[in-house]
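Just below sit the structures, each encoded as structure tokens.
Below, subunit A partners subunit B and then partners subunit C, in two separate complexes.
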Partner chain A sequence: MSDTRVVGAVEIGTTKVVVLLGEIVGDEGLNIIGHSICSSKGIKKGVINDLNAASDCVHATIMQAEENAKSRIDEVYLAQTGSHLEGNFNVGTTNVSSSDNIVREIDIEQAKQDAKRRKLPQKRTFIHHIQNPFALDGQPVDSPLSHEARQLQVGYWSVHGDSSKVSDSLRVIRGIDLDVSDMIISSIASGVVLLEDSEKESGALVVDLGGGTTDYVLYQNGYIVKTGVVPVGGDHITNDLSIGLRVRRKSAEEFKVKNGRAYYQSSDREEKVWLIGDLTIGDREYPLAAITKIIEARVSEIFTIIKEQLQEAALYVPADIACGVVLTGGSSQLAGIDECARRTFGLDARVSEGPLDVAPELRGPGYSTALGLLHYALTGQEDRQRSTKPTGILRRLTGLLSLE
Partner chain B sequence: MIGSNKGKGSSSATGTQSWRELAGPSKRRVNSPQAKKRRQAKLLKLLAGVVMLVGLVGLVIWASSTIKNRAEPIQIHTPSSEIEQVIFETNGVLPNRWLSTVIKLSKGTTMMEVDIHGMKQRLESEPQVVSASVERVFPSALKISLEEQQPVLRIAVQGPAGKAVQRIVARDGTIYKGVGYPKTALAALPYLQPYQRRDGSIQPMRGIEKVAELLESARTKQPNFFRTWKVVSLEHYSGDDSLAGEVIEVRSSLVPRIIFSTSTDFAKQLDRLNVIRQHVRAKGNPAMKRIDLSLRGSAAVQFSSGRISSF
Partner chain C sequence: METSTDSLLSTSNAGDELKIKVVGLGGAGTNAVDGLKLDDLGEAGRVQLAAINTDAQALSNSPIAEKLVIGRSVTRGLGTGGEVDIGKKAAEADRDAIAQLIGDVDLIILVVGLGGGTGSSAATVVAEVAAKTGALILAFVALPFSFEGARRKRIAEDSVGELRQLVHGLIPLPNDVLLQEGEEDTSVLNAFALANRWIGRGVNSLCAILLKTGLINQDISSVRSVFNECGGRSIFGTGSATGGDYVKDALEDLFICPLLHMGDRPSQLDRLLVNIVGGTDLGIAKVNEIMSMVSKRFNSRDDIVFGAVIDESRSATLEICVLGKVGIDDSRPVAPTAAAPQTAPVSLSEGLLLDPEIAKDERPPRRVHTSKLSKKKKIPDVDQEEFLFVDTNAQRGYFDKTDRNLYNDEDLDVPTFMRKGIKIKIKV
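And then the complex of A and B:
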């Protein structure tokens, strides 16, 4: 009889909380058995600022998803975002230990340990150590095992965050008696389901436009070479419209969804749009040009920040990002956003259609992070040390008695 | 279904300063009405389980006491005739003479006087014995059955007088003297160079089961070549299969170093070794220094000339 476990993918975003429930049968595959989505409370720019309010909405979403799936979550995979996330590139070096200069596992482990040795300041905590290619005497190789060389090097892109903010997310999940099996940053989770292996090899930039933040991940030669979070998202566009057009935030949001476009065209000058559209009191006309100019300014600002960060890291090489920019996240549904990305980055750009092997209602850009978390629940992260948990009847018993 | 492919992915942070250190139960959890509801449901489920369990236990106690009350005492007459015969069965080589020195059965001992549990313990305390069973076969015989250790390797250890003595290594890593084995059988066993821990100790010896698997496969698949295997070195094999890069090294009279991976099927590695040997033979049999079969999907051969070929 094969072992079945139910995993919950939880994304606590600025505007919404998404929970997907997946049933993993053995290690063969994953079926999505339930999902739930709720408006966020107590979260600003991807960071929890009111623990009780955030717990209320996250717990309600989890329970709704469990009810929807008629099943209980065994373990949680949690997405992490927020401008507190930072990354740096560390290189580990070791001299090959054997006298015949043949690289062994022990040398590889030593180089990896050396790369991960860097200490963080207090109150910072590592979330990922993402391995980049090895180099033998300066020459890059995928697998150095049994090659002959004097020196072995390996690079790691290490992502770290503010300990108290990471701890807050964990406390929210622990509040409903669930343990977090793994934590994955949003951009990596989105990237893993939206890109084919060949696209990662050719190079691609995945930009996840959320409500309060924009996360990105850059793949080159199949490796994650940079991740980042820009503390600007769809909510800022709504705010800009609200201030620029002098309307309430709610109306600005409706206006953005209904009439918004992420780039300005000269023909917009003649066109006018109605605020509400039913000619009731308060309804009035606005030039479309005013709206598109406001949106374009903000969206291109987000893309420009990302481009500058890539240029700063000497990673903005269009030839190494051959598959261009893939846009996802709730705000990627804004009309013309791909054109704006194309103009700003000078790269090919497209809005992701989501993975084709899931139900049509889950293919929307708002689910890509949660789907990525489920992907990791099934395949695991490389180098990850799996915790050994009891299985079958024993697991059910320990779960019932809260012994896990 | 999603997640069918696994590429060069990310790697979750572990060890010091990783988020996993924050995941411990030290901090107070945040409560919410939903969490309380969920906890109450869990508690109710637990209570129902306990009630069912208590009911079941009560039922079993009631049933057993009912049966006990109905049972009648049985009179047992114990025969106490003298032991006339000892039936000795073993799956190994231990001789009768050895048995008599261990059980020390004096003449005239009756069937009920003999302490079969003590005898079993004495037999099982011998390193060459895995398990023993001692039965009274009425009216006058004692049946002793032994399961013996299977010899896998030889090892040279320092004897009491400081002189090197030969000992046998069993599948479970037990080192024993080896009583009753024919000399030719012992001579066919390769010597073991054990894994040495940081403190210099070699015991308890782990991973011999894996070595036995390798030797059995080699003995079956390549009997002639196996005869040239002189030493099995566990210098790079601690016996912990969860560690990466663990290898078993064999020193043969034909090839000084043959390296086997412990995480790959030995049969496949031996097949590859056979192909390499045939190929080398066809190329005029140049002397080899090292064959490394532990690589993923390939093997490397280093010739005495210094040239390295990959297969």
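And then the complex of A and C:
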């Protein structure tokens, strides 16, 4: 028993709350022992706007998962999303201290500290400091230890969020008397399980299209170089359809799932679709073109925004994103979404089939973030034991945030 | 230039007759009023048209009888060049003349296009002046297209925020939404004309309900009962059909009216005025059918005021116009400067056929169905609304109580196709 802990991976999404229970036995690895998904309440665009409603449904989902696993959660890994998340790239610089110019542990620590010294405005909290390559006198290296150089630099992609929004989500978990061991932003969690190491190396963009937000992470040369959140998701597509077709949300949702396609083609003008389809009173016929035009406008806009954000950061270099775009998240099930991504990004695009090393029922796009959380729960432990790890992603957060 | 005079034609028929004045403000407002076809109502002199602008040249081209150039001392009659400050100064300088133009009427309908210099700023001044007369004030405001730029949009939004607190009912007509109505290749110019047509329908319907004799008559107090408080949001929609199964078609046309579909609005309606204009063959049975369909659709039978008017010159045709208010809980009592409409409590009981006991209650007399909107509001919302409040709010619908989603000055919560002006044809 001593070496076994049960980790709960919790993703509080706009559409649904996902909880996965993983049993971590020493260094042996991870067994997924329970899972549960419930519809979300009190959450819009990835942010909790009704704490009570959100708490209730998160607690219910957690309990359901515990029941499913016949086990209790020891600690929680929590996903974070929402437009309040922002990132910056910071470079830390230090002069190698020893007279022989050999880089020692202390220099590395110094450079890391320097990169992270940047103060945040009030009410902002760091969530991740993601390490990028070191550079010795300007030359990138993976591990600088014992090399000779005068100057050591290290880059960090730092993600921070609105303190009150972050603590809202922590409060939900605390409310059921569980401790949050760490928080990981959704895009990183999805990315880590969906990409092979080789893909991270040659460059890939993972886009997680959720209900209220679209989270993305860009890998280049094996490192996370940028993450971002566009606070637009499947809910917006439904809302656009509801307004454009002048139907209720429920019907709009049905149109989206049943007839939706992420790009418009001229033959859609001729094709008609029925609102209800059983010839009852109140049924109406709509041109498919209306549906596909509305969806195309929205989806291509989401992709365009991501592309613009990458361009702004000078990271939109197709050659460095050789593996193209990998789509996941509930809205990635929309027909033709890969084609729309291909057209907008001008990159290869595919819908992820999910990680193949898990049970088939967990390969769906809905689970990738939670699986990523479990991955970090496992590798985070390795991190502590071995002390060096190329993607030292985890930073302990508990205690950093005051919940009062 | 010389034809525009500061004088106004004397308002002729005095007495107890109901008087309505439609006031066009600024270039767009004047154009809309120019285009109004009031049929016989105008001739009878019971609906008076007036126009106010800073641009004397533009105003001189208008066929409207009562015209007022404001701010000659500020702009020398040359317009504001889109500057709100100048428009404000112009209107402030001529408060007295505006008061004179407005005169003493029962219902004032302001028609204004927001985003420019004159309409956006003068509207609040005119509304303030009008409020002092104790008249019921409704405003039809056209909102600029997204492609007209962030600046115009911001001006319009600010202005809507202010104006909403001053008038009893503010009906927003976002051009982005109206564009959806025209044919697939509607040009922008036509789109402006479309806005005018919508305003025309609304004004006509409102005048008809009040002035024409019909199957079910409504008077000004029933209109007041719907719009008895300033603030809050209003909705407006129309549907019409001719020939065939015109009742069914007109209802369908109404239900797909884009102005009623800026989010799940209809289920959140608080009070509604429904007017039906039909031809000679419109019997009470058909009216009943329409009424039950409409109340079913808007979920609030108790809060609907119905009117039905027969147009003797037509047959096999139907026009339905819906005007109403949502989020009554948000609205504040009549603006402090305004003389409180003393008729309000009485008219409530008349208009809504409510138990007089309930009507005497100080709070708005409706708790029968609670809209989703009011349930969500535990926090005092009034101040928040002032903050968040912008008129495209009407389009926020589902995303109502969330942070705005601004990216490059566009609100991403507003449907992309609307912001980009992509026309969606939904009629097969």
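We adopt the following convention: the second predicted complex is superposed on the first by the 378 of 404 C-alpha atoms of A that agree within 3 Å, B and C clash if a C-alpha of one lies under 4 Å from a C-alpha of the other, contacts with A are read in each partner's own complex, and residues count from 1 in each chain.
To be clear about the criterion, a residue touches a chain if its C-beta (ideal position, glycine included) is under 8 Å from a C-beta of that chain, and two chains touch if they have at least 3 such contacts.
Please read all numbers here as calculations on a predicted model, not as lab measurements.
Participant: Using the superposition on subunit A, decide if subunit B and subunit C clash or fit.
Facilitator: fit
Participant: Does the superposition put A:5 against subunit B (first), subunit C (second), both, or neither?
Facilitator: neither
Participant: Considering only the touch criterion stated at the top, classify A:363 as touching first (subunit B), second (subunit C), both, or neither.
Facilitator: neither
Participant: With both complexes superposed on chain A, which partner does A:192 reach: first (subunit B), second (subunit C), both or neither?
Facilitator: Only subunit B is touched by A:192; subunit C is not.
Participant: Mind working out whether A:30 is in touch with subunit B, subunit C, both or neither, as first, second, both or neither?
Facilitator: first
Participant: Looking at subunit A, does subunit C or subunit B touch more of its residues?
Facilitator: B
Participant: Name the contact category of A:371: first (subunit B only), second (subunit C only), both, or neither.
Facilitator: The first partner, subunit B, only.
Participant: In the overlaid three-chain picture, which partner chain does A:41 touch, first (subunit B) or second (subunit C), both, or neither?
Facilitator: neither
Participant: Could you tell me if A:224 is touching subunit B, subunit C, both of them or neither one (first, second, both, neither)?
Facilitator: first
Participant: Compute the least Cα distance separating subunit B from subunit C in the superposition and give it as a whole number of Å.
Facilitator: Minimum C-alpha separation, subunit B to subunit C: 18 Å.
Participant: Counting contacts the way the document defines them, which residues of subunit A are shared by the two interfaces, the one with subunit B and the one with subunit C?
Facilitator: none
Participant: If we count contacts the way the header does, which residues on subunit C are in touch with subunit A in the complex?
Facilitator: The contact residues of subunit C facing subunit A are 180, 252, 255-258, 260-264, 376, 395, 397-399, 401-403, 405, 407, 412-413, 415-418, 420, 422, 424-426, 428.
Participant: Enumerate the contact residues on subunit A facing subunit B in the complex.
Facilitator: 29-32, 51-52, 55-56, 59-60, 62-63, 100, 102, 104-106, 108-109, 116, 119-120, 124-131, 143, 145-146, 148, 158-161, 163, 166-167, 170-172, 174-177, 179-180, 182-184, 188, 192-193, 197, 200, 222-224, 355, 357-358, 371, 374-385, 400-402
Participant: Quick one: which bits of subunit A touch subunit C in the complex? Just the residue numbers, please.
Facilitator: 44-45, 47, 49-50, 83, 230-232, 235-236, 239-240, 242-246, 248-249, 272, 284-287, 289-290, 293-294, 297-298, 301, 305
Participant: State the interface residues of subunit B toward subunit A in the complex, per the touch definition above.
Facilitator: Within the complex, subunit B touches subunit A at residues 1-15, 17-19, 21-23, 25, 27-35, 37-39, 42, 45-46, 49, 244-245, 292, 294-296, 300, 302, 308.
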